[in-house]
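Take this structure first; my questions come after.
All chains are identified by letter, namely A, B, C and D, in their written order; residue positions are counted from 1 within each chain.
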Amino acid sequence: MALKLADVKTDLHNDWCPGCGDFGIEASVQMALTEIPVDINRVVIFSGIGCHGKIVHWTNTFGIHTLHGRLMPFAQGAKLANPDLEVIAIGGDGDGYGIGAGHFMHAGRRNIDMTYIVHDNQVYGLTKGQASPTQGLGEKTKSLPEPNINSAVNPIMLALASGYTFISRSYAFDSRHLKETIKRAIAHRGLALVDVLQPCPTYNDINTKDWYGGEDRRDEKNRPIPRCYDIEKTTGFDPTITPEMSIEEVEKKTLKVIELSKEWGDKIPIGVFYQNERVSTYEDRIADRISTYKQAYPAKQTLAGKDARPTVDLEYLSKELLIS
Amino acid sequence: MALKLADVKTDLHNDWCPGCGDFGIEASVQMALTEIPVDINRVVIFSGIGCHGKIVHWTNTFGIHTLHGRLMPFAQGAKLANPDLEVIAIGGDGDGYGIGAGHFMHAGRRNIDMTYIVHDNQVYGLTKGQASPTQGLGEKTKSLPEPNINSAVNPIMLALASGYTFISRSYAFDSRHLKETIKRAIAHRGLALVDVLQPCPTYNDINTKDWYGGEDRRDEKNRPIPRCYDIEKTTGFDPTITPEMSIEEVEKKTLKVIELSKEWGDKIPIGVFYQNERVSTYEDRIADRISTYKQAYPAKQTLAGKDARPTVDLEYLSKELLIS
Amino acid sequence: MSLISSRTNNLSWMIGGAQGSGVDSSANVFSRACVLAGLWVYGTREYYSNIKGLHSYFEVRVSDKQIRSKIDEVDLLTTFDAETLIRHAEAVRPGGGIIYNPSLVRSDIRKVDTLEDNIVEKITGRLVGQGFTPNVTGLLDEAKRRDIQLFPVAYDQVISQTAQKIGETQLSKVSRIINVLAVSASMAVLGLDVNYVERAVEAIFGAKKKVIEMNVIGAELVYNAIKSIAHPPFSAKLAPVENTKPRMFVAGNQAVAFGKLVGGCRMQTYYPITPASDESEFLESHENFKLLDGYSHDGQGSIVVVQTEDEIAAITMAIGASLTGTRASTSTSGPGFSLMVEGMGWAGMNEVPVVITLYSRGGPSTGLPTRNEQGDLQFALHASHGEFPRIVLSSGDMEECFYDAIKIFNYAEKYQCPAIHMVDKALANSNMTILPLSAERALIDRGKLILDGSNPQDGGTPYKRFKFTEDGISPRAVLGLKGYRFWNTGDEHSEIGHIDEDPENRIKMMTKRMTKLETAAREIPDSEKFNFFPASKSSADVTIVSWGSSKGAILEGMELLRRDGIDAEFLQLRLMSPFPTDSVKKTLSKSKLIIDIEQNYSGQLASLIAEKTQIEIVNKILKFNGRPISRDEIYDSVRSTVKAPQENERLVLVHGA
Amino acid sequence: MSLISSRTNNLSWMIGGAQGSGVDSSANVFSRACVLAGLWVYGTREYYSNIKGLHSYFEVRVSDKQIRSKIDEVDLLTTFDAETLIRHAEAVRPGGGIIYNPSLVRSDIRKVDTLEDNIVEKITGRLVGQGFTPNVTGLLDEAKRRDIQLFPVAYDQVISQTAQKIGETQLSKVSRIINVLAVSASMAVLGLDVNYVERAVEAIFGAKKKVIEMNVIGAELVYNAIKSIAHPPFSAKLAPVENTKPRMFVAGNQAVAFGKLVGGCRMQTYYPITPASDESEFLESHENFKLLDGYSHDGQGSIVVVQTEDEIAAITMAIGASLTGTRASTSTSGPGFSLMVEGMGWAGMNEVPVVITLYSRGGPSTGLPTRNEQGDLQFALHASHGEFPRIVLSSGDMEECFYDAIKIFNYAEKYQCPAIHMVDKALANSNMTILPLSAERALIDRGKLILDGSNPQDGGTPYKRFKFTEDGISPRAVLGLKGYRFWNTGDEHSEIGHIDEDPENRIKMMTKRMTKLETAAREIPDSEKFNFFPASKSSADVTIVSWGSSKGAILEGMELLRRDGIDAEFLQLRLMSPFPTDSVKKTLSKSKLIIDIEQNYSGQLASLIAEKTQIEIVNKILKFNGRPISRDEIYDSVRSTVKAPQENERLVLVHGA
């Protein structure tokens, strides 16, 4: 039975600011949920703390609103304990690239099969507009008393350096592109990042919807020239790295990703930058050690019999320490 | 009066394992201290927790042995409060790229004028040999019960993505190279990373002194072929990015750095990868806001008069909130 | 019984509206207008953890004497949206007034989607139960039945008139004046000249000429409109009083910020968090400040404010700064403090004076981020593994926020340890009029700090950062000071500061550190440890024990109780560590009846008192619904307890919306 | 007075050496040899926070009855380096023995650079004061004067003989056998057949034929060499006893790991830290395990052990796992726990059963990472901001480590909250013989867990994860269970789990959560809350109150005290939260004299008891030098206290090197 959008929405009042890019992300996530071939009962969304974090309350799946910056370990813990879950982590840029930067990086090293969507609005929304780690040095959004004193990080490059096997970017108000990107991220086997450019009309008056839309620059027919362009569509770039490719090819692609990741301002690449199919998932690596992992994963094991007695053979287990 | 090595050593018993690469790093740091044009009384070394962290106790400068992973914020705090100090942070790979990864990254965004040396031994030494974040996926050092389950991070690329303006690598047992690299790092205006490849003979039986030295591969004359090569000397690569360079040149250099950062195994580049002179330091940025910062920095301000009365003009300060 | 005799210059006003719609500036304009008229105000703010759209409201009490608490009843509720009316109409006392927008009278309560389901049910149930329609009209009918005077204000009309007057065609550019219109309407009802509103508007909007102009025009239109209709005289009034002394209008977080600047804090680190970051942002916008003549050879004074990547960095960076001799602090609330405890332990071990301002809010976890609670006392006392001395000081009002922010640095430096300054959200986000703060009382004591390296110990014995001394305190040098080289480590260490695992040294070093707490307990005068407010008779009927922001409500509640013949004394605990055990024991052992009043679930101060003095406080009045305690709640609950202590061992207060 | 009557099968043996030199395998071989001979052992380990080179030593007590503590005196000190001799000669009782390497007699104490300056001073001072030379010879002379029997063992010679016998020319390949030589020499002195040493060597080195061979050859050479020289009979002896029942030789951290596996823990997260990571590594090396017949349809059982990037990730990952219905835990010690408190608060708020095994070591901060302390009790009780229920259970011996590791999961799941299992380093790193652990007593109770989604609530009312109930506990579904969709948030929430700031809901939800603690207090039987060891007479002379690893020393100390006519009773507190207030009050209110015994500075349990029961325990015996408490210290200090309680209100124990 196909799901409708209404099935994946709750009826709670949504309290994001009018015009917030979060609405676009919510819609795309929910649309994607209705289109992916996954039992909705197995879907769990985790979110961080920030405006973005409320998304789980508006979405009718299992929804775990975690702690500021700790989204990824929460989500990874659930996925490892029950690899049959479809785990989607949705975080903020302050949450994930700021206080959570360490977890962001180490998640890449694991490459657990899950999806990580980041609401990248260049500000700390919920605490009233401080600069987030993606805001550029010297920029001064209206909520800052003085220009931003820190340089911006490059999330795409960070993800690459950390080992993410799927790295993409989309734009909150390009719902089709975003939805498709999310679906591809979910379909990818391994850890998939979707960095979503998200206007925050309340605090970020630099990277606005108009700015992304290119309202400030017009072509000869006075049409706005949008800043985001789809790398795959526009340049024919193929982000896939297959097991068959030569090291040199891989290197070349990787450098291209870096090059693309540095574009910003007048031309902002969106789409999938990198999809590496050569790297094993953490689940596979566990299965190398624990042959029964995929069938009898932690959440699925029977701990006790009907008599409440443990199922573990203690006598056998203790042999090693028995002396007689 | 020129300092001698003995002046910068304490007479405490050094308890690193025999043959540990940490000895090489200690020697180079101390030699560098005798050769830099800085009053030794202004030098403060901060260290993390791990085998490496004990270095401050063997070194006769102000020495602050901090917390596991928190080295960088401690050190940055001191430097910002007293920019006249020469601050050197010395950490471990577990300390800095593991638990401290978030601080590692955000320090890059600030670019405070200080030096950060990392003992990169691919293991957690002091807790008995677990894999550190630089150990490769599937590698199995003798202290691991099973092959390493996480991918390695690439510190050079991480530093680049984070904004470090000086990025270098050296080798613990190449004392001349290491010493010179440290001196250049200290001389650099901005945040300088020195990633030091460090054999841990006790736990890391893969990346050993012999391995780095190339004892396992010999040229026709049966001389070992060392794995590390000096990028600048060997290839003539110039890591400097000057304010005058064109964007394209900068881009090209940056890509080269990435390329180099991916070499590992048979050829390991050492030397300075990147030295960016275009980026302002955090201290400069503060001075843009607080014009007196460089003369009257926090540690230097007079808080009270002889009568213990605060020096702040409270009446003036409170005007804004006074109503009459 | 009504708690108030006269309602002239003695009333409570409330305004509400969606977050982000400017309702905070309404409250600000109203309060300032009152203060300009020589009156005193106390204003509290309630808001959701939300940026735009959810309901927020302000209660402002006004009086001709200084006031320090909120009360339960509202004299005049000023609204311009339906939600405020719906949520708060019930809070208006019989005989009070409601200002409302007549165009909203048909609003369906069920359709206001920012209202929680249970609130909708409660209110519609109440209305239907009384035979009213479940909409705004019904609410107004209910109000009328309760003798509440209704004041319709046609905001939309005034806005378009104003637009016309200033020649603005885009109404949306003028609509923001609705906040000032609401205030002006209130003043018309309360009888305070519109001129005060205009002066307040000018003071607040400063250089924004156009904004001032439209607000002033609108204010006058509304004011005259209301005045022109004949109302029966309203039961509460404001009238200017002669008050030549200047006063400050200040929020708790600003008082702390001022205290820090005066107290010599020169580096503040923070990671954004409600309700702590207001203070850091205030500091940042005052990073350059004037010094007294005679000290301005360095030019100005300044404070470096650093937004860090997380709270772990915030505390450790502040510690790093402190090692250079800088007075450094960080401000946070519960979740951030939870991340600071490891760093704090390091400061404890290395005897580093670092100040943590801990703004407490509703917990546990993310909890109620914008609501009040005093749930962190025991955590502050025991945070971090192992044992080390710490100072924990709690402020009970704005003046204490200021002076304590200075004292806490003195304690931190004198006893060379982490020092926690506890401030509740109910203080941080409240505004009140106080007499100007004075730097006379604010002396700076840096303890055994060695700042001068001209007399180095290099030649002789090496400098011992952790020298064993009688009082546990060692002379403290700073990084970079010639002749005073030292080492720090989180490991147990020798006097020099190197790692030392010797069991004998361990005992001495632990004892040295812990001795500092005894030294502090001995040296800090009782007057800084607690406040004792005696009963009017020689023997009190009841002893109230409390801490933090409850202070104001308790003091004012006590006055009311006295009228009823209940004579209370009040022990306000301020220094929680080291705890003034003997004094508390002495005070409490003489009590007839003790009541512990706290804004948390379990009575954490009572636990502390039991631990230290072995006195069990059986009667507790607790509030943990996230809303600050009011004077009236104190009055009611203490009264009930005194009347029947056995039946009322644990009273849970529920007031607040 | 000597505390020991017979020294046959009742003695204390010590061995030391540089970290990394294999001294731990000496102790292991010695202990196993004893156990193989039917004896019981209790072994403790002291080591620096260092990998190689600094001194470490083991004390092994051996007896023909089960023993549970260490004592102060050493009967036989076995050394092969100078440092061990220098550090520990003094600990050998008059009449005891020392095995030493005669080639080291000229070693200069001042030249042993791993000795701390103050230790060098102390020892040379002692020697010179008595007229001995300040070197090893002097030490041996001093020992002789104290009637200590000296046994020179020419290790180097034996090593080269062994090398010759096995045809190895590189001496360095054989030199490691020195550890077994030392044990063998010890057995020769103590009179236990070398055959037990050989069997122990075989058991430990398993398949390494060559290693076994050289060790056995060397062992026999040394054994015979010592036997061949005529000594006066040594004052302590070992002799095999008949003991057919199998016993386990286990360390505390292994007992915990076994408990976790049996108790159903299927995911463990950790970040390396001393002394906690031993447990995780043990689990990792047992990640696949056998199930009982009848449950092996899934094949084997398994546990996923994840090394995380830090402790914040460790706790939050474990919580994530727990949400799926997996029994999940994390293990750490002080510094790591300090980083976990925010995550723990989230689990408290969302009623997630997560288990934290907290190994306590010397604090504060990095402290004494490899040494013992009980400094984290109050922190464990109050960690994290705000208020939520938690279970805190403390183990006192190996058996408790095992059974508690099971129980703690039952508590966590029944009361749906974080549960902390406290284990001291003195248990974690000690080894002892115990009777085999039994799975009979280890039942699993998962509380109100809904694992079966076959009866979904979808159609009717939606599932309420936080449904209000009488006992505060709501039926708990897991992620992925059809028909039981739910939400979690660290914010205060509705029964469904959505953010809810309503003040009424807040009161109900806080009360619901906190009610669980009362439910737990009611349901958990006294037998799981504390152990009470009565006096032999009806009324005890003294009541000892303590917790954790002090248990063994106290129980054995009590036996000695009884011989002196001091009849003690002992209340061992186990469940710290919820605290068994009434029972403790009842027990203590009848006491003549109470002594609190703890291994921390301030007497944290005494504070807890004062807080809960208002009983002040004036007399305290405290130890915080990083070394575990011994039976003899208990005996001495309790005796002094009983004799003169007023003069001995605070006794600080100092034993240990």
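Some observations on this one:
Everything below uses one rule, namely that a residue touches a chain if its C-beta (ideal position, glycine included) is under 8 Å from a C-beta of that chain, and two chains touch if they have at least 3 such contacts.
What you are looking at is a predicted structure, and each value in this text was computed from that prediction instead of being measured.
In this assembly, the chain whose C-alpha centre lies farthest from chain A is D. More contacting C-beta pairs link the chains of A-D than the other of the two pairs B-D and A-D. Rounded to a whole number, the gap between the C-alpha centres of chain C and chain D is 46 angstrom.
As a whole-number value, the distance joining the C-alpha centres of chain B and chain D reads 38 Å. Chain centres here are Cα means. That of chain A falls 43 Å from that of chain D.
Each chain gets a centre from the mean of its Cα atoms; for chain A and chain B, those two points are 31 Å apart. Residues of chain B in contact with two or more other chains: 49, 67, 98-99, 101-103, 105-106, 133, 146, 149, 286, 289. Counting partner chains per residue, chain D shows two or more touched chains at residues 48-49, 309-310, 335, 342, 346, 365-366, 489-491, 499.
Residue ranges of chain C in contact with chain D, taken from their complex: 48-49, 116, 118-119, 333-335, 337-339, 341-342, 345-346, 348-350, 360, 362-371, 373, 375-376, 378-379, 381-388, 489-492, 499-507, 510-511, 514, 600-602, 604, 607-608, 610-612, 614-616, 624-627, 652, 654, 656-657. Within the complex formed with chain C, the chain B residues making contact are 10, 12, 41-42, 44, 46, 49, 54, 56-57, 60-67, 70, 72-82, 84-85, 102-103, 105-106, 286, 289-293, 295-305, 307-318, 321-324.
Within the complex formed with chain A, the chain C residues making contact are 20, 48-54, 113-114, 271-274, 277, 281, 284-285, 307, 309-310, 335, 365-366.
Residues 32, 35-36, 203, 244-250, 254, 258, 261-264, 266-267, 269, 286-292, 294-295, 298-304, 306, 308-310, 312-314, 316-328, 342-343, 346, 406, 433, 436-440, 442-446, 478-483, 485-491, 497-499 of chain D are the ones touching chain A in the complex.
Across the interface of their complex, chain C is touched by residues 13, 15-18, 49, 51, 67-69, 98-99, 101, 124-128, 130-131, 133, 145-146, 149, 202 of chain A.
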